[in-house]
Amino acid sequence: MTLQHYLVISAILFSLGIFAVLTRRNAISILMGIELILNSCNLNFVAFSRFVTPPENIDGQIIAIFGIVLAAAEAAVFLAIILAIYREFGSIRPDEVDTLKG
Amino acid sequence: MVVLLISIILLAPLTAFAIHALLGLAKQGFPRQDILSTFAMLVAFICSILLFWQIAPDPKPHTIDWISLGSITFSMGFYLDSVTVIMLIVVTLVSSLVHIFSIGYMHGDPRYPRFFAFLSLFSFSMLFLVVSDNLLGIYIGWELVGLCSYLLIGFWFEKDSAADACKKAFLTTRVGDVGMFVGMMMLFTRFKTLSLYDGADAGIFTLVEGLSGTGDMIWLSIAGVLIFCGAVGKSAQVPLHTWLPDAMEGPTPVSALIHAATMVAAGVYLTARMFPILTTSSSLVIAYVGGITAIVAATIAIVRFDIKRVLAYSTVSQLGFMMLAIGVGSYVAGLFHLTTHAFFKALLFLGSGSVIHAFHAMHSHHDEEHSDDGEHDHGLIHEHGSEIPPDQDMRNMGGLRRKMPLTFITMLIATLSISGVPFIFSGFWSKDKILGGVLERAMEWNSIHHYILFVVALIAAGITAFYMFRLIFMTFFGVPQNQEMHEMAHESPWVMTVPLLVLAFLSIPVVNPLWFNKDYVKPPEQHHIHAPEHAQVLPDSKTRNSDFSFAFLGVSDAHAAEGEEDGHAADAHHAHSPAHSIAMILSIIVAGVGILLSWLFYHKRRFSAEAVSTAFRPVYNLFWNKYYFDEFYDGVLVALTVWKSRLFAQFDGSIVDGIVNGVGTVTRDVFAAFTGFFDNSVVDGLVNRIAEITWAAGGRIRRLQTGAIQTYLFVVVGGIVLIILIFRVL
Amino acid sequence: MDYKNNIESILYFTPEILLIVFAAAVIILDLFVKNRGSQKVAYLSLIGLGFTLVAILITNSTIADGPLSLFWGMIRLDKFAVFFKVLLVLATAATILFSLRSEELDERLKGEYHALLLAVTLGMFLMASSTNLLMIFISLETVSLTSYILAGFLTHSPRSSEAAFKYITYGAVASGTMLFGLSLLFGMTGTGDLAEISQRLPEVLAAGDVTGLGLLISITFILAGIGYKIASVPFHMWSPDVYEGAPIPITAFLSVASKAAGFALFLRFFYSGFQDEGILQTVDWGFLLAVVSALTMTIGNLAALPQQNVKRLLAYSSISHGGYLLMGGVLLTPEGLGAILFYLVVYLFMNLGAFYVVVLIANESGSEMIESYRGLSSRAPLVAVAMFIFLFSLTGIPPFAGFFGKWLLFTAVISKGLYWLAFIGLLNSVVSLYYYARIIKAMYFESPDEDESFSFSNSTFALLSVFVIPTIFIGILNILYNFSDKITL
Amino acid sequence: MLLSLMIFVPLLGMVVVLLLPRESEELIKRVTLLFTFIPLILAVYLFIAYDRSSISSQYMVNISWIEKFNINYHVGIDGLSVTLILLTALLGPICVIASWRNIEKGIKAYMALFLMLETGMLGFFAALDLFLFYVFFELTLLPMYFLIGVWGGPRREYAAIKFFLYTLFGSVLMLVAMIAVYLTSGDPGSRTFDIPTLITLASTEGHALNDLNFQIWVFLGFFIGFAVKVPIFPFHTWLPDAHVEAPTAISVILAGVLLKMGTYGLVRINMAMFPLGLDRFTNGSDFWGYSLALLGFINIVYGSFCALAQTDFKKLVAYSSIGHMGFVILGLAARNDTGVSGAILQMFNHGVISAMLFLLVGVLYDRAHHREINGFGGLGNKMPIYTGITTLAFMASLGLPGLSGFVGEALALLGAYAKYKTLTILSTIGIVIGAAYFLWTLQRVFLGALNPDYEDIPEINGREILTLVPLGILTIVLGVFPHIVIDMFSVSVTELTKVMGTFEANL
Amino acid sequence: MEITLKTLIFYGFALMTIGSALAVVTVRNIVHAAFALMVTLFGVAGLYVFLQADFLAATQVIVYVGGILVLILFGVMMTSGRLQMRIHIERGQLLLGGGITIALLMLLLTVIANTPRWKNLSDDGTEFAPTTSRIGELILNEHFLLPFEIASVLLLVALIGAALISRKEVRD
């Protein structure tokens, strides 16, 4: 259980998040990917807070808390927008929402 | 006094021109403006006569600074020596007479005042050229006379042939002028001045002495030949002679004044002026050009039927004689022939004008509309002499001597003069002097070149006699070929005949005051003339032994007993060299033969010209087609120029743009290899092309902007990865 | 430098607090305003911004002795921050004024709209002053989230919804990536404080504790977040779509204020955190950004060429202007900084002015396409003149301010020896002329489809002149050239 | 102050014009004429009062403008600029008169832009601060763009943007060079844009500005900027388009003044400030100077041949301008008194002559509504005065001695021959071709039988004559007394050639 | 590293996290994906516990699993009701995305493996004091007050915005 373990897990999570964002043709799946990314970030911060910074310094954890908060807010707005999209376009497939281009 | 007189000479015609121009601009012109110009010329003439007594023994130029640029100063000024005065008198006299003649000849032309305006401008320019003491001034006058020639040839511009001819004249002479300008540049670059004579600073003639034997002779030769190019153009020497016959499209007085007596002689004058810088090589070039011109033009003249064309080729031929004279160093002979030729050739032209006028007036009776109509008889014109206006066609004439006795007599005198009928006609003396000069040079240097030239000149002289008498016989003798025209022909009014009489008078040396004074004109030193190395150098001739001063004016000093001067009392000098005696005898013989043949062919009809021409068809064709010069120029040079300019225009449209296009296409194709598709829009224009490439790039970037958010995210993540990888690699 | 604690800091935080207060007040007022046509809410917002501006200027006077670090080093109050705050207040005020004229916006949602505008301004204030990784991220997210909502503000407009969707997807990924980068940076230095990072990073680099690749990845990831805010290549792709779909005032706001805030963040982050020689030797991010800026302006300009929609065209144009600004950012010299700040001021006026004209024309003709500008010179001569001034200023033609701004930028770039960058930038100016001139061409060289002239109120012209006059005179008059001297990082 | 007054009077006029009501067109025209006439009077006064023996700039005003960057409002005139200022000021009222009836729409905007243009041009020639110089340079672009684009011919949009893009492209390079010069001129704080100071610094041994490589690069930067304006091959393709599309008066300004801005810049900046940029490159091979001369030669020949191929009267004149500007370039490349003086004189003269030519084309176009040379014929009969003036202008343009075109051309060639013999000789082809296309045009338009379409073509009217006569008189007067102009700048030129340090061939 | 129960559990959590995350991005059914995401989030919470971030682990479970995930499921319900729950994917996109992802992962792993500072920092098993109170201190009284306040503004904005955008009709 070294720092690197956590970092590797986090890196994998990040990559999977990116993968989801890039390949999933579904807005909600993209949101899930984003959540994975944010989780990986939080995990990083906590891990660094545990291993890199002095024990009494828990800045990393606090950043992670804010990260969770922001993720929640973002998710809320994201879903609201997805609903709006669904209303307007009848689909939440990102490739079908492409009237603006060029 | 000199300055004052010269100023008057110059200003009189200039003022006349200015008044004409202002009146014209204000649309206030009136017909009697002719008096103005004529009066101005007479004033100039009188002043020129007065100048005769003002020639200083050691003339200095009268200059003012024209342009000063730091270390360089271009000055303008007058230089007055005997040659100047002779030229002034010749020009003003002929010009005055032509003015007077024109009053009759141009009568009734709708642009009558304009004609006199141009004549005045021409006179001014010509006089300016004559009196200038420096090359720049000469060049200015040079071009201005060219302009006037242009304007006057194209005076009846409604005729396409006139419009063509004037353009051709200007352009052809300009080709020569450019050569002259290059020559000037060479001289200027070397000497840092364009003044010929020593004023405040040393002039070119002094400076050029310093070059003797410095190995710069080739350079100087080239410069000399280039300056001579100007003369080739103006004096219609081969190969730039073709404009002069076409220039006959102008009114006949113009032909007489500009294209016979003065402007075309300016080339000879220039060459004579530049005599001191001519080297052996450049002299030889000049001599050859002169000689070839003399024979070529003479042969062409034989077969012309247009009376003015015959005279035009004759002029070319005679100018060739003059050039030949200067080329062989017979400076005085050249200038002498210039003056005699000015009178008798002007006379011939005016006489032909009188004939044409007679016929022309007849036409006018037929066709009351005179000139307002573009289709009047001047409109029936010909390309390269193939169509001849009926009033100029000698085949329509004949037997006019009774109808126009004065014209006939005067023209006969001129013809005798030009043919070199001995002793009582000026032409004989001057032509003989040229032939003598050539032969003398040939003997002196034992130079094969000069022997050839002598033979050529001799033949040309004979042909001259032949075709001139052909003209006389066809026009004035025999039976009228066109009875109707003949009926209508009449003697010209006095304003036209008086000038003829004056000129005829001047063609008889006895009464010509200009060459009374022996030792009057003395050649300047020609510093660079050396016998060609292969030539056997004879003991130095007397041309060079006595006086090294630059004075053109022969102060009548006892030593100036050179073999080449003065015409009237020439016999005395012929003793000095056998050449002149031989030349004289030979020239009399060839003239006689020429006249005799002409008599046999065209008067007695003993031989048929047609038969001869059929027998020698190729030769005849060559002559008839004027050695194909025009065809050559049209076919090659003009086509080349036009083609080239088309090419350039094409180039502008396609090559310059094409290069960009090419670059663009390559870029586009490379681009396309990546993106897989591109549009094949046709493009032209550099900016269009660049714009299009840019647009295409913009379009491609646009296409990347698919509207699908995941594409964008691909770009983001891909961008990140790429940035990292690239910077890692770097 | 001492960190002020929370209590001490509050006073210096008045501008931001005022914004929050007025945002709340706007929402509350909105509850009581029954009249749909009433603009009270907007005026209240403007008043709030006025107060904020005063407060900013007052806080400015307190930092005469030097900058202050507030809230335990979370944010910093310095001339730099003050400059951006003033700029942002102006931009927001302009946006509110545009919104007054705009006919796209739903009149019933004024309260929320203005509250959100004030909130986003707050976020931008913080972006300009954050000195802590956490603050940086939170302020960025505040701005982003609010912007997403504003972009999707138009009800029943698919374009607007689409814009919001793309914006948030893009923004979420970008900010997530940035957060990952920040976490790596945190892991390398063990601190979130920018000042400390700038101290420790060279140390750990020198000690070999951290590899260049790690730093590069961290910087690149962070750049994704910042780059998306300033719309630099390759993080620019959202902006044309979002700009086109969003309401025009919001587009104007995003293209100016959001970009300015992004630059504030960018400058503070890179100038104060990464200026060390050791860092630069390990990761030459200066060069990296130079390349990015060259690409940004080129791609922005090229893509703008074929555009038919003026709004979208201006979106691309603002991308390319981001590239110009970025050019100054890579220099790490006071001249570069000064040039960016000056250009931002100029850009504020000219770009907002251009967007204002777009608003006006869209109101009158109902279209944002270039065709609707045909014959504007005869239909509304003054507006056409104003537009041509803005566009030529954007191109960088003297005597308009845009030229002077560009001149400062290029001088700074060349003084650093980056001739190639200056050259690319200037060539881009030439290219940009082409598409700006297309609008000019439509306005002046083509005849109108209809002859009926547009009528605008005097207040319209008054507002227009607010943008026109500075666009003409900022450069010519010697008034603004020295202000940036005092601004350092 | 007099100078500044002259520069800004047109701008003031622009404001006044803008305040006038759109409907009162006559008033607008008169006001414009007044405001272009004032600079003319002032310019004539300056021309007369100018101290011809002094080398330093006169009527200087030096006011700090942007202190931070040491940018000053520094204007002054020397012989070179006063000449061109006179030209500009002269063409101003002439163009207004020429526009009197031809501009049908938006006369107010037209006049306002024209006045702005005039300020730009006058300021450009008077500026002694590099930054100011550049600003004025660009200031001419905007009005020009609109003047061509709004009031031009059928392809006006294309021509306008082409003109604008080309010039902007050039000026952008110039800007780089300018900034480089500024930055190299000293330490921060002592940097300067002041042209006289920079010239001094650039010739100071050991100063960074005096570095050979630096000068070459900077020279190139400025050169391309000016080359587009001149225009020098291959940057010339905007010119025919712009000329063909532009309204008459604008063509006049374009050919008369704007092209001169390019060559003026070459003299003022390139030649004076960076003589090393043209100086001996390595081991005595005069690479850059030769290149410049080569460009001049190409311009001459290329422009002439292109002109020969044209059938559009205006395009012909436009290409002839390219050819004639080639003589300027050739003269400048010579870098000696004769060549440079010739070049400058040619600038002035070409301004006058080409203005005449374009006015004349305009006269014909107004009557026939086309410019196809082959579509005329025989007009000499119907329009004798017009024909006369045209002939005068053509003759002046083809370099007929006695008219002004000759002197400049001749001096430029004489000067150039000292350095570049072959090129100069080849350039004289241009003289012949020049004669060819002008004479050919003359023939096709005026000579021959009258084209029946133009049976009733009216003669040139009084207003048109009024625009042409001053120029015509000038061509003749300057052809006879070129020293009127040459004396203005000969001292400056001597100084300039001294700076260029090419004494060995200083002719 | 000796294998202890703790280690085993750690690996279990790690595998759970990664495996479920893999499922999130691969399964074709959106509801399945959501549930997989839940597992991932639990896994991450477990890792937080291992990192001795007790408060954070709790927050993770409450906010993520209790809030966000429910939100996501709502989203799924509201948008996929009538349609297939299948997630659309495309082969080319998958390959390209996979390639980029793998490249990215490789880079990250390289950094993680090669950064000396992050090496050899193993969990020595020391127990730290519970963080909750300390967090409270920091957030409410010390360094992180400002972020906290701003986050609250942010949440408010998100609230307003989400409500604004998601509602079907504006009030009348």
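In order of appearance the chains are A, B, C, D and E, and numbering begins at 1 in each one.
Definition applied: contacts are C-beta pairs under 8 Å (C-beta built on N, C-alpha and C of every residue); 3 or more make two chains touch, one makes a residue touch a chain.
Predicted model, so just to flag it, every value in this text is computed and none were measured.
Enquirer: What is the set of chains touching both chain B and chain C?
Expert: Chains that touch both chain B and chain C, as defined above, are A, D, E.
Enquirer: So if I look at the partners of chain B and the partners of chain D, which chains show up in both lists?
Expert: Chains in contact with chain B as well as chain D: C.
Enquirer: Within the chain touch network, how many edges lie on the shortest path between chain D and chain E?
Expert: Between chain D and chain E, the shortest chain-hopping route counts 2.
Enquirer: Which chain's C-alpha centroid is most distant from that of chain E?
Expert: Between chain E and every other chain, the largest centroid distance is to B.
Enquirer: Taking each chain's centre as the mean of its C-alpha atoms, give the chain farthest from chain C.
Expert: Here the answer is chain B, farthest from chain C.
Enquirer: When contacts are scored as defined above, which chain pair ends up with more C-beta pairs, B-E or C-E?
Expert: Of the two interfaces, B-E and C-E, more C-beta pairs touch across C-E.
Enquirer: Which chain, with its centre taken as the mean C-alpha position, is closest to the global C-alpha centre?
Expert: D
Enquirer: How many angstrom lie between the CA centroids of chain A and chain D, rounded to a whole number?
Expert: Taking the mean C-alpha position of each chain, the two centres sit 65 Å apart.
Enquirer: Please tell me the distance, in whole Å, between the geometric centres of chain A and chain E computed from their C-alpha atoms.
Expert: 7
Enquirer: Counting only Cα atoms for the centres, state how far chain A is from chain B in Å.
Expert: 95
Enquirer: Between chain C and chain D, tell me the centre distance in angstrom, where each centre is the average of that chain's C-alpha atoms.
Expert: Taking the average C-alpha coordinate of chain C and of chain D, the gap between them is 43 Å.
Enquirer: Multi-chain contacts in chain A: which residues touch at least two other chains?
Expert: 7, 14, 17-18, 21-23, 25, 27, 31, 47, 52, 59, 62, 66, 70, 73-74, 77, 81-82, 84, 87, 94, 97-102
Enquirer: Please list all residues of chain D that touch 2 or more other chains.
Expert: 161, 165
Enquirer: Give the residues of chain C touching no fewer than two other chains, as numbers and ranges.
Expert: Those would be 134, 138, 141, 145, 148-149, 152, 161, 164-166, 169, 173, 177, 184, 187, 213, 217, 240-241, 306, 434.
Enquirer: Throw together a list of every chain pair that touches.
Expert: So, checking each combination of chains, I get A-B, A-C, A-E, B-C, B-D, B-E, C-D, C-E as the touching pairs.
Enquirer: Taking the touch rule as given, give the residues of chain C at its contact with chain D in the complex, in rising order.
Expert: So the residues of chain C in touch with chain D come to 377, 392, 395, 397-399, 403, 407, 410-411, 414-415, 419, 422-423, 426-427, 429-430, 433-434, 437, 440-441, 444-445, 478, 481-482, 485.
Enquirer: In their shared complex, at which residues does chain C touch chain A?
Expert: 133-134, 137-138, 141, 145, 148-149, 152, 156-159, 161-166, 168-169, 172-173, 176-177, 179-180, 182-184, 186-187, 190-192, 240-242, 244-245, 306-307, 312
Enquirer: Give every residue of chain A touching chain C within the complex, in rising order.
Expert: 7, 14, 17-18, 21, 27, 30-31, 34, 37-38, 40-41, 44-45, 47-48, 52-54, 57, 59-60, 62-63, 66-67, 70, 73-74, 77-78, 81-82, 84-85, 87-89, 94, 97-102
Enquirer: Please give the residue numbers of chain E that touch chain B in the complex, ascending.
Expert: 93, 96-97, 100-101, 103-104, 107
Enquirer: Name, in rising order, each residue of chain A that touches chain E in their complex.
Expert: By the definition above, chain A touches chain E via 1-9, 11-20, 22-29, 31-33, 35-36, 39, 42-43, 46-47, 49-52, 55, 58-59, 61-62, 64-66, 68-77, 79-84, 86-87, 92-93.
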